[in-house]
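Here chain A shows up in two complexes: once beside chain B, once beside chain C.
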Partner chain A sequence: MSARGAGGLRGGGGFGAAGVILTLSIGILIIVVAVPVLLIFFNAFWADGSFNVRDVIRVLREPDTYQALLNSLLIACGTTTGSTIIGTFFAWLVTRTDLPFKRFMKGMFLVPFMLPSFIGALAWKMLFSPRAGYINRFFMDTLGFENPIFNIYSYAGIIAVECMYLFPFVFIQVCGALERMDPTLEESARISGAGLFTITTRITIPLVLPSILSGALLIMLYSMAHFGTVAVLGIENGIFNIPTLIYERIHQSAGSFASIRTGTVLASVLVVSAACIIWLQNRILTRGRYQIIAGKSFRPMELKLRGLRLPLLFFCVAYICFTIVLPTVVIFLVGGLKTYGLPFTLENLSLANYKFILFEHKLTRDAIFNSVSLGLGAALITMFAGVMISYVIVKMKTRGKGILEFLGMLPFSVPGSVIALGVILAWSGKYGINLYNTVWIILVAYIARYMAFSLKANSAALEQVHDSLVEAARASGASMWQALRDIVLPLVRPGMLAAFFLIFLPSLRELTVSIMLYAPTTRTIGVAIYTLNEDGETVISAALAGVALILIISGQTLINRFTESASSGKG
Partner chain B sequence: MSYIRLEDVTRRFGAITAVDRLNLSISRGECFSLLGPSGCGKTTTLRMLAGFEDLDEGEIHVGDRLLSSKKSGYYLPPEKRDFGMVFQAFAVWPHLSVYENVAFPLRVRKTPAAELDKRVREALSHTNLTDAAKASPADLSGGGKQRVALARALAINPDVMLLDEPLSSLDPHLREEMRFEIKDLQRRFGFSIIYVTHDQSEAMALSDRVLVMRLGVAQQVDTPVNVYTRPANKFVFSFIGLSNFLDVEGDGTNFKTSRGGLPLPCAPPPELANGPSCLACRPSEVEFTGEEGLTGVVARKSFLGESIDYRISIGEQSLRVQKGRRSTGPEPGETCRLRFIRPLWYPAD
Partner chain C sequence: MFRKLSALVIAACFLFSFAATAAAAEKLIIYTSMKESLIGELSEAFKKKNPGVDVDYQSAGAGKLMAKIAAERQSGKILADLIWTSEVPDFYNMKKEGLLEQYVSPVSSETLNPFGDFDGSFTAARLGTLGIAYNTRIIKKAPEQWSDIFNPEFKGAFGIANPSLSGTAYMSIALMVNKFGWEFIEKISANQGKIGKGSGQVVDDTASGELAGSLAVDYITNDKIRKGASLALVYPPEMLVVPSPVAIFKGTRNLAAAKKWVDFLLSKDAQAIIAGEGTLPVRSDVALPAQFKLPAPADAVKRAIPVNYIELMAQKEAIVKKFTDIMQGKK
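Coming up: the complex of A and B.
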């Protein structure tokens, strides 16, 4: 009976291959993810030689800490509300109306997914900083306004910029739900006598509400722990959220005991809230998901926009131009300027900065090299570890799997700044190995941060491989290793590839983790852009951001091309 | 006496004509089925009637109301047509209780509370759902969900009920039960039924008249009995029930099977007597005779329980013959003689 247990994968018994894989998987997850998180809790709650909740409360009640918690919550709530409204509206527009160029619009609304939000924040700072922002200056110098029209260094500015980059989370979920929804659910309301407004409010929206909420929670999770935008736009006016305060404390004090305490306490708050959000999301998805998937499908009803068709088209195009095209263009233009603040005229623009950062400046060249090699390394390691761990979770029915499932969930709920802090605690020599100030500590942190992506892509691929395929191979005389190598591996290769790119591309633009861990020679692209900007080297920073955008966009296009041809090749 | 009238109704999707100049008239209280294989245009016809599809040509009237007209550019939206409709996949709303599902059409019509409650309870009791009023439709079986959909369609007491393959998502035994329930409700309320199905036995059992469609074109409109016994063409013959076709050649007096030249024991009508034609018969309407008749060889014999199924080679053609399980007949490999009971004749393709 037990030979069936592992989906055909079981050696002769005892501590066979299954045991080795299981132990290795648990080991990797413990060392990479569990230990750093545990160390954070330990450092937060273990003060003066004993378990101490009172001191945690004392830290939380310090004005700065308290304010940061409040800010994180405020910004997250604002961003979640804003992005949910934008995302749901656009999703409804491209799936349920006769808006022109819907497919193109849908593609454009997904572009913010690949743009790093801190680069976006930089662009918005160049446009709307109260004194130097180009748009504010245009209004004041040319149109004679007394005051800047918008101050980006504010809660409203931070929330607006985060909304622009996070709304696709809701957009994509709601689009999916609306597209898969059985159109007769709405048609039956229509034949019952309901008009389109009644149908939308009483039938459509309630039915996709679980998807809206789950997208909203994802944004909440992301925004609470979001570093880049708040770091670029908040520090000027002293607006800190949890991740930026952790960074500020650790960075300023170079790891003093008090700063580590504050950091770990704040990090604990983040982990706990993230866990709550994920729990809530799972609950909504399992309990609230209605069976609304279509069987036989006609094209869903399209709301005829009639007179609103052109105004809404104009609105969408304006939104895309303003939130996607404008900031991107500004980054490239500023990157071409001799000095920040000059007008964008031909004689002020050149490729000199780009040449400088690519061929002459050691700092930026190092950064590009570091990011690419770190990305490749992390993607490769995490891809292989992920496929192994997913195999145990999805396919093996061994004892000890429960621990692994729990550990496997952990990476999903641990935000980047928490990982960075945990990695500092674990790998700074206190426990025998000191990786601090080397590139290796960043690699370890990347692996922990992106393990979730790899587990997700690989388990999805593995769930497609039915146990009977492996059993058939075993019955045909293949050993367990041959079955894995010849049957399972080829079938999950697309999932592994997806995992690789899901890790490689984001790591090219990673900021949250690297900023806490970098040393003078181990800057990544994100760190270099951020620090150059902090040091007032705005044009160099913008040029590097431009290069990063080119890298990311061409990488993404390549992958899209590749996955399209791969899926069309399959038929 | 026609109540529902379709005049030259046409619908095109790109290069495909889904429904081609369809003319129909259906009386009040009639149960009318649209029957055909998938892609024949039956669902498109129903959806044009409901108002979910535009017309590319023609007009639709119900009673003295014009519903859609290409010519005058008039189009009454579905929510104004006051029809009842039941969909294949039930389409009951999972976020509303059974009661609220049924109440929905009345609520959007702003029916007063007391009246609304009375009519919902009536609709629920007619569909045996009184005990399930507070339940969530998600907890009901397929049959239960389809009852909710029926009750919801009944709530406004419509004159026309549109049913789009309402039984095909149900288990076979449930299908038969629901069929009788629908028929029973119709007798009680007197609404007209337009019933779309690809299942011929369903259409036969329910309908007063049947329209058989193929590739958007109406093939025959007739009573179930006539559609079965006097199919208008080969397509209708083969679509309704089991069918046999035998290619035949004739010179006015002698008739032989094509590709084999075996003499036939019967003759086509005079207009088909010269040249090729096609003999059509049901497998149950072929008999084994002793001495005379068409010569064939038994290729296969299978016992199906209620009947015995023969495959008989006739030269290079073949025939299927079904006989009762107690009958005696030839064994595989043996030569046999055949006679046709009331064969039908169609022009050769």
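Coming up: the complex of A and C.
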């Protein structure tokens, strides 16, 4: 990549600063983002030297692929319905009622956002696998049940786990809508004599519906393309969705033409459905924008829960304990066991596994090192590239910036497994550069995947920098470079930092992309956890998952501190 | 704030530096189906003996490794210098296709050789044995015969690793079918036996109680027994013995170091490590740890179900498919 980037710089030398920036931006996005995605479509629809749809249909009609498509759809629908209900209910509870400890609850409901769902799936496997899951065993061994009470290796299990980790998408959207909504609308309805039911169905729900729907569509998008949970709970029992089937095909017959073909066709299906979802979401949001009056600091009326106050409080606490605390505790406990299957007694528990993965085991140490350096590398590169590209999109008046915007946001709707597949097609030697089996291919994929995050954060920051500032600098005789360096960059630094963290943290817990791209020494933390679990090293994998949780949570806490102090310092 | 940023830049430089150091010393890459507990210890011991040589290994099921090799061949270069798995027919295949470097180690004369047509293309470095692992919390009476796994206490809870992933699983299924016919698999299926994932996972599932028993590889089971798992491993009279050959890829850039690895693997020290992990060495002058109750290597070879590897070579796909169909009730 660096070689071509440098070429772009030289080529653009004649146009001055603006030309250089524009050429570089377009070059980076085309090489990193557009080429891989285009190659997917090309490989899917172009066989034996001609455009070929019949073959695509044949691939889609193979029983395995067809089943995977159905499964993806089924799981996505189930997850969307479930998490929309959970998310909306809790959002209403923490914004519109007099539930005690609302602020704390709201914080807790956002915790699943930062927990990687495949680690959650591991924990739920330990709790609810039919014969060995701790909860099932408790019911069977202690309470004398004949059969396990729940089998996690099922569609219901997968959907339940996904719901737990995805509902914040709806929760956060609906919370926002309910908080921004003008309470006078409801009040006037009430003054006019409407009852609570009428107000809810005629005023509140129509007003927040766009937010609910847009959150639901996000979940749908995410769940269709979701790898981790299905990989941990489904593959073994023959439940595949599109990403897991792509992984299985590519991984098992590593690189044979037929498997790549199937992979690209499935990937195309994912891209197309993702595009439809995004389009639908945009429509809903633009239509809905007029209806939510984006006022500030209204205090919406609170519903008195009266007798239900304590039961609902208890329900929320129980939900948090069951879905957040319990799995986390199980991961750490199992990580402390000598070997899986032993009871949690003091003599079976130790810190030996943690010591082993942190100081002795080469695989896990490599994995931690790889994830951290990949995260830093991707975050830094994407942060700087993102600032430059956002500058073109937001500030420059050139033709073709629409394409840039489209290209930059493309990975936002392209699932990780698709990016990984595209990167394999583009960078495994066919076009001159072979990065396959090196850490660089993961880096390139991360850059493509996270570019959209950086663009969003940086565009937002850049939009607040008024053009007149740069114009003033230019009028006072500064060159374009000087103006950028001394005026624009210092002003957008918060946006750049936000972009950095928005990329660094997710890449620490990333699995979907790196699982398709790893080689012996280039495992990431996610890959190491997944493969250790697959190899039957449950306790080691749980210990590493525990370490990952500590890394992620402390990272997130640090960032929250940092951004809070930064914003309060500014205000 | 820029100090923070510069700290990040420095950190990113590490990323570049580790790519640079990777190319420095002589470095062997080994593809192996041996689990971490075994290959990790062996590679540490090797590095201690040969300070100039670094060892990297990819530990995965034989099926995945062969797929990886196939893909790497297409792109022109096999990344590994050595391969060490338990799927013997693969080695005959690779030999036929001229992928393997012939090397008769001077140490090989001291070892047991299960291959009649030994020519140095690959050398057995371990005798893997498979038995019935069972969870002692669930199964109170130790199984003695293979037919005991048709008993009701194993109903719905006997696992065999997926033969398309695990070389030992494939070899054992082929051996069983050879000895007992396909009825054996049909009876397992009738007792609702399960296809697991890798050979490690079925043992872990047995330890956890998800399975009551499984067709299990010796050292994987013994490693967990040593850590206190409620597991036991028994060998029925007809033994499953699967040699694990090691071979050098033709065209490796580190031929001298690769030869050192083969010599090392057959040496008394390495074989003692192998025995210490609870699997059979290929040398009879290595003491077997008493705790594992392993049969002596020569006895095991005598009790082993005989096999014709060259015949097996062509049958893999058919056997795996038939096995999967029977187990999934498709017949």
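The working rule: the second predicted complex is superposed on the first by the 549 of 571 C-alpha atoms of A that agree within 3 Å, B and C clash if a C-alpha of one lies under 4 Å from a C-alpha of the other, contacts with A are read in each partner's own complex, and residues count from 1 in each chain.
FYI, a residue touches a chain if its C-beta (ideal position, glycine included) is under 8 Å from a C-beta of that chain, and two chains touch if they have at least 3 such contacts.
Since we're looking at a predicted model, the values are computed, not measured.
Once the two complexes are laid over each other on the shared chain, residue contacts for A:Gly402 go to neither chain B nor chain C. Of the two partner chains placed by the overlay, only chain B lies in contact with A:Ile203; chain C stays clear of it.
In the superposed model, A:Gly477 lies in contact with neither chain B nor chain C.
More chain A residues lie in contact with C than with the other chain of the pair chain B and chain C. Of the two partner chains, chain B is the only one that A:Glu187 touches; chain C does not reach it. Contact with neither chain B nor chain C is seen for A:Gly144 once the two complexes are overlaid on the shared chain. With both structures placed on the common chain, the touch criterion links A:Gly195 to chain B but leaves chain C unconnected. Touch criterion met: A:Asn348 reaches chain C, while chain B stays clear of it.
Chain B makes touch with chain A in their complex at residues 43, 47, 50-52, 77-85, 87-89, 91-95, 104-105, 108-109, 138, 149, 152, 156, 162, 169. Chain contact summary for the complex, chain A toward chain C: residues 129-132, 137, 235-236, 251-256, 338-342, 348, 361-363, 369, 373-374, 376-377, 379-380, 428-429, 434, 436-440, 493, 497, 500, 519-521, 531, 534-538. Those residues of chain C that touch chain A in the complex are listed here as 1, 8-9, 11-12, 14-15, 18-19, 22, 29, 35-36, 40, 56-60, 63-64, 67-68, 70-71, 74-76, 79, 135, 137, 157, 164-165, 196-205, 207-211, 220, 224, 227-230.
Contact residues of chain A toward chain B in the complex are 182, 184-185, 187-195, 198, 202-203, 206-207, 209, 290-292, 294-296, 298, 301.
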